[in-house]
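One structure, as structure tokens, below. Some questions next.
When the chains are written out, they are named A, B and C in that same order, and each has its own residue count from 1.
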Amino acid sequence: MDFVQTITLSALCSHLLVGLSRAMILFVVTSGMSFVLGVLRVPNVAHGSLYMIGAFAAFSISNLFGGGSTGFWLALILSPFVVALVSLIAERSLFCHLYEREHLMLLLFTFALMLILGDLVKMVWGADYRSIMAPEYFRGSVTLFDAPFPRYNLFLLVMGPLVAVGLWLFSNKTKIGKIARAAAVDREMVGAIGINVSWVFAFAFVLGCFLAGLGGALVAPTVSITIGMDHDIIIEAFLIVTIGGLGNMWGAMVGSLIFGITQSFGILFLPQFAIVFPYLAVVIILIWRPTGILKSVW
Amino acid sequence: MLRVKGIHKSFEDFKAVSGANLTVEAGQLVAVIGPNGAGKTTLFNLITGQLKADRGKIIFKDEDISKLPPYEICRKGIARSFQIANIFPRLTVFRNVQVSVLSQQRKSVRLFRPAETLAVEETNTILEDVGLSDKADATAGSLAHGDQSTLEIAIALGNKPELVVLDEPTAGMSPEETAATMELIRRLAGSQGLTILFCEHDMEVVFNVAESIMVMHQGITIIQGGPDEVRNSARVQECYLGGA
Amino acid sequence: MSKGIFSLKSFGPIAALLIALVILPSIIPRFYIYILAVIFVTALLAMSLNMVVGHGGLFQFHHGAFYGVGAYTVALMLTKTSLPVWVGFVAAPFVAAFVGLLIGLFCVRLTRLYFGMLQISLGSLIWAIAFRWYSFTGGDDGIHGIPLPSLISSTTGAYYFGLILLIISLIVMFLIFKSPFGATLQAIRDNPERCEAIGINVRRHQLIAIVIATFFAGIAGVLFVVVEGSVFPDLLFWVFSLEIFVMCLLGGWFTFAGPILGAAIMISLRTFAGIYTEYWTMILGIMLILLIFFLPEGVWGYLVEKFGFQRKKSLEKERQ
């Protein structure tokens, strides 16, 4: 077997780093999905579409400000808000009227949203491939473990934990975060103490979508931005939140790490079937622990 | 027939049942009473397997059933009704009971016989017994509250049980409906020779019907005995009047 | 009062429809024959999904996986082996049902949404394999030009083959729907906890339902190969599975024949919308939102609700 010889310790380490940086993107996206799952108990099928909109918005904003450093940072900051706005409109105009209905209807609504947003993106941005450049200082690579490692990925490795800490502080230390968590456990109770549950849900939904947009903006410089991005990410996001434990933010972290790392090791060992490894990991985990590794909030 | 010995069940840090004992002899009409939150429903859920006990034994006809799943407990001969009408809302009243009869006859996995021709007589007999014959074709979800509760009991009867466990069969009923339901229970116990275990929070209802009464308070069995014995028990009065 | 399982009243319209379907190919253009054949395939698929979703109340989110498994089984057996054609045709539903059993075994341990999520995961694993295993499944290109017997390789031949298989399948499904098993399954949908309490082994029933439904999905997969002469991984993609879900919703979950109507509407809409616009998915999305808000019982369910009481009245008359 000739491929065994090519695997060295340094190759393992550098693939681990690649996997980690991929996991950070996945985490930013899935933490948002997990948040929505935790509070509304609905898997947001449109989450991937919002991620895609985040990436396209980043492209447009970055171009608007002439690319470069300013364009990049403005895109990173503004496109999540664009996505949040889109989701807020969808939530307040239609979605919020469904909270009393069965969960299946909520889920199917997000599916409808996915279908509509997918075509909207096609109308606005067309079917071409787009790309944006990271600022000068994030381009190129550094040498780590005898292998080149993109500088931008180092940035991702910082952003992931930052988002995790931010989200943790938000949901444990702020009042609205605590209310949202309480609503996840017992919505009648929260309603009973005079809080408008519908707005809590709106807030949770928009925050989740904001994170999807942030994930899209973060991923934008590393991939070609195109329609179809939504389909690729959403199924991964589903799997990650399922193995992590539905609605558990740290579960999303654990799931993302497993997914990112198995994928990059898969590329190392069996490139053609790299895509299969994370799925296999998911299957094994779910057979071992059908409700995910960490405790679901449900 | 049924013996519950020192059963315990907690949810997180709340002790719902902590040391309940109960004896039901064949043919008896036994009531469990206690204020709201005494653990009556939890006790019933433990007996019929919806919940698993942390500790203690439940013996039914010389066999420990505390570890069995609900459907096996049912097949041993214990059927139950639920406090909040727990019916099949989209099916007809007839079908609601028929499904139960089919299950009892072990015919529910048959794939290629029309259900219309099976278990019809048995189902109609039960509907007649409980007085729902005229509503057999109605969709169960559209029934009035009292009728749904009656249907609850009819579904339980479909299993041809030896022991019927009824969780507050008169919950939310008007006084007339309550009287009718109690009459039904008395009749089932009398003419059909069923053993019945039911719970109630209204004491008056119970003392008229039950042969044996178990009193629960904060998850603990205080006493079990005949109506007079219970009525005169100092501890029961303490619980109900003074609080323990 | 007691009547046969197929009531005489509905016999007339069904017979008329059947005769029309038999005659149609000789009077309509080939393109429409093809569209009708596609509707047959999709209708069978939607019907099989509705057995577990509408009648069983299970969140079968990745039904397309079993359809794809059936189609790929036929395609691979016809292109990679020299076995007689019928062996592939017969094997496909059984392979699909076997995969259904395997996946079902894991899924029925879980409730509702977890069931659905796990099924999407496992189904996507199959998709990933079909998508990537170029040397075996043809990867994202799929397998084309599958050799079919001359009798069914023409559009008209495929049409009649599809029609016959659809009718046989529908009869079997209807028998199951009306059987004690069907009744019990609907009871489980309405209230699984209560079913446990009346002595029904809920998980076993759900598993049997999944196996039967995936068997029929496998038959639909066979039909797909007969009609299209090719397979591709999109069949196994989860978005398609949700589209079948929408067909069931569109037709009406709680009715028997609703999904046929749902599939017919969807396929026709897609075909004719596709002529005028490239934004078919948006139309589908808007349609789905309208359904959720205004017709949650589906088209057929709405019709039954609206005109159904007349039928009930006539039933009462029969009783007297």
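Everything below uses one rule, namely that contacts are C-beta pairs under 8 Å (C-beta built on N, C-alpha and C of every residue); 3 or more make two chains touch, one makes a residue touch a chain.
Bear in mind the structure is a predicted one, so any value in this text is a computation, not a measurement.
Where touching is counted per the definition, the chains common to subunit A and subunit B are C.
A summary of chain positions shows that the Cα centroid lying nearest the centre of all protein Cα atoms is that of chain C.
Averaging Cα coordinates per chain places subunit A and subunit B 49 Å apart. Centroid to centroid, with C-alpha atoms defining each point, subunit B and subunit C lie 41 Å apart.
The distance from the centre of subunit A to the centre of subunit C, with each centre set as the mean of the Cα atoms, comes to 33 Å.
Remark: subunit C residues 59, 106, 109-110, 112-114, 117-118, 120-122, 124-125, 128-129, 131-134, 237-239, 242, 245-246, 249, 278-279, 281-282, 284-286, 288-289, 292-293, 296 touch subunit A in the complex. In the complex of the two chains, the subunit C residues touching subunit B come out as 2, 5, 175-176, 178-184, 186-187, 189-191, 193-202, 204-205, 208, 212, 254, 312, 315-316.
Residue ranges on subunit A touching subunit C, taken from their complex, read 41, 43, 45, 94, 97-98, 101, 103-105, 108-109, 111-116, 118-120, 122-123, 231, 235, 238-239, 241-242, 246, 272-273, 275-276, 279-280, 282-283, 286-287, 290-291. Across the interface of their complex, subunit C is touched by residues 48-50, 69-72, 74-75, 79-80, 82, 86-91, 95-96, 98-100, 102-104, 107-118, 137, 155-156, 158-159 of subunit B.
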